[in-house]
């Protein structure tokens, strides 16, 4: 703990994910006083056809 | 907000998802008084081999 | 299944929740072809001090 | 209810999942007094490149 | 990992929770080959007025 | 999107939460290229009696 679940669109590179989890962990340690070892981050990559805003799938948004 | 996460079996068509998110958003606006723009829906498609009821995977149910 | 998890701000009345789950279930049955009995809805009421958009807690938004 | 969501690394066999959901359901019935029919288990298989501990993706851990 | 999130109705005793997490962890270790230290379980206690099945809140079910 | 759900023990101050969501949003924008407006963060405060590691509730850990 903390356990951080992140939902985002698919398409990020491995390098972006690497930078993201490193930075998220650092600011969690700094602002909450947790140890780095206690921080888990799980990334969920979502297809645009499975996410809707305002009643419209993102695969249908222009 | 509201953010709505939906877990269901895989196999729905794009047309079904499209109708589903449109209708869910409409009734959310009507019953909760939210704006359509504030409604996010994320669909999670699950395999039958990853969902169990009563101790039995759905891929094993007859 | 489907299992629907809804995150929203606290403050809805019991009557609003009642109308919401009834309507959500109906449109799920209509658009996805599920049986009403298979639809579970779990409501998560969040405090404004625990939800942030654009880096700012909603309890701090004006 | 109860509804149990399990996040783990991908790579378990169908046989392991079968044994897992059977055993989880049994102990849930025994310790919480729920009926087996009311226990739903959803397994989420995560890639090592999407899970980080201590700021490092598991695909990068040695 | 594994990380196990459990949603159930509120009302279980501390003793029931204690037995539950012990048993869940044991069968997870036995069936999946994980170490006990890697198993996290998070319990979410839900009010009956926030869970609906078949379009009806459990606080309204007789 | 991205939508970030954070599970942690209860007990953080409003000031800590404020700093946390500001920093998380900033590094998400920097590393993933998202706009700040698209970043939602939802904090879930868990009681120690509802979180277990290695089969033991944290309220029972010494």
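Worth a mention:
To keep things simple, chains are lettered A, B, C, D, E and F as they appear, and every chain counts its residues starting from 1.
Assume a contact is a pair of C-beta atoms (placed from the backbone, for glycine too) under 8 Å apart; a residue touches a chain by one contact, two chains touch by 3 or more.
The structure displayed is predicted, hence computed values, not measured ones.
Chains touching both chain D and chain F: A, B, C, E. Looking at A-E and C-E, the interface holding more C-beta pairs in contact is that of C-E. As a whole-number value, the distance joining the C-alpha centres of chain A and chain F reads 12 Å.
One finds 20 Å separating the Cα centroids of chain A and chain D. For chain A, residues that reach two or more other chains under the stated contact definition are 1, 3, 7, 24, 26, 40, 42, 46, 51.
In summary, the structure contains touching chain pairs A-B, A-D, A-E, A-F, B-C, B-D, B-F, C-D, C-E, C-F, D-E, E-F. Touching chain C in their complex are the following residues of chain B: 1-9, 12, 16, 19-20, 23-24, 26-28, 30-34, 46, 51.
If you check the complex, the residues on chain D that touch chain A are 7, 46, 49-57, 59-60. Of all the residues in chain F, the ones that touch chain C in their complex are 14, 17-18, 21-22, 24-26, 36-37, 39-45. Those residues of chain C that touch chain D in the shared complex are 1, 3, 40, 42.
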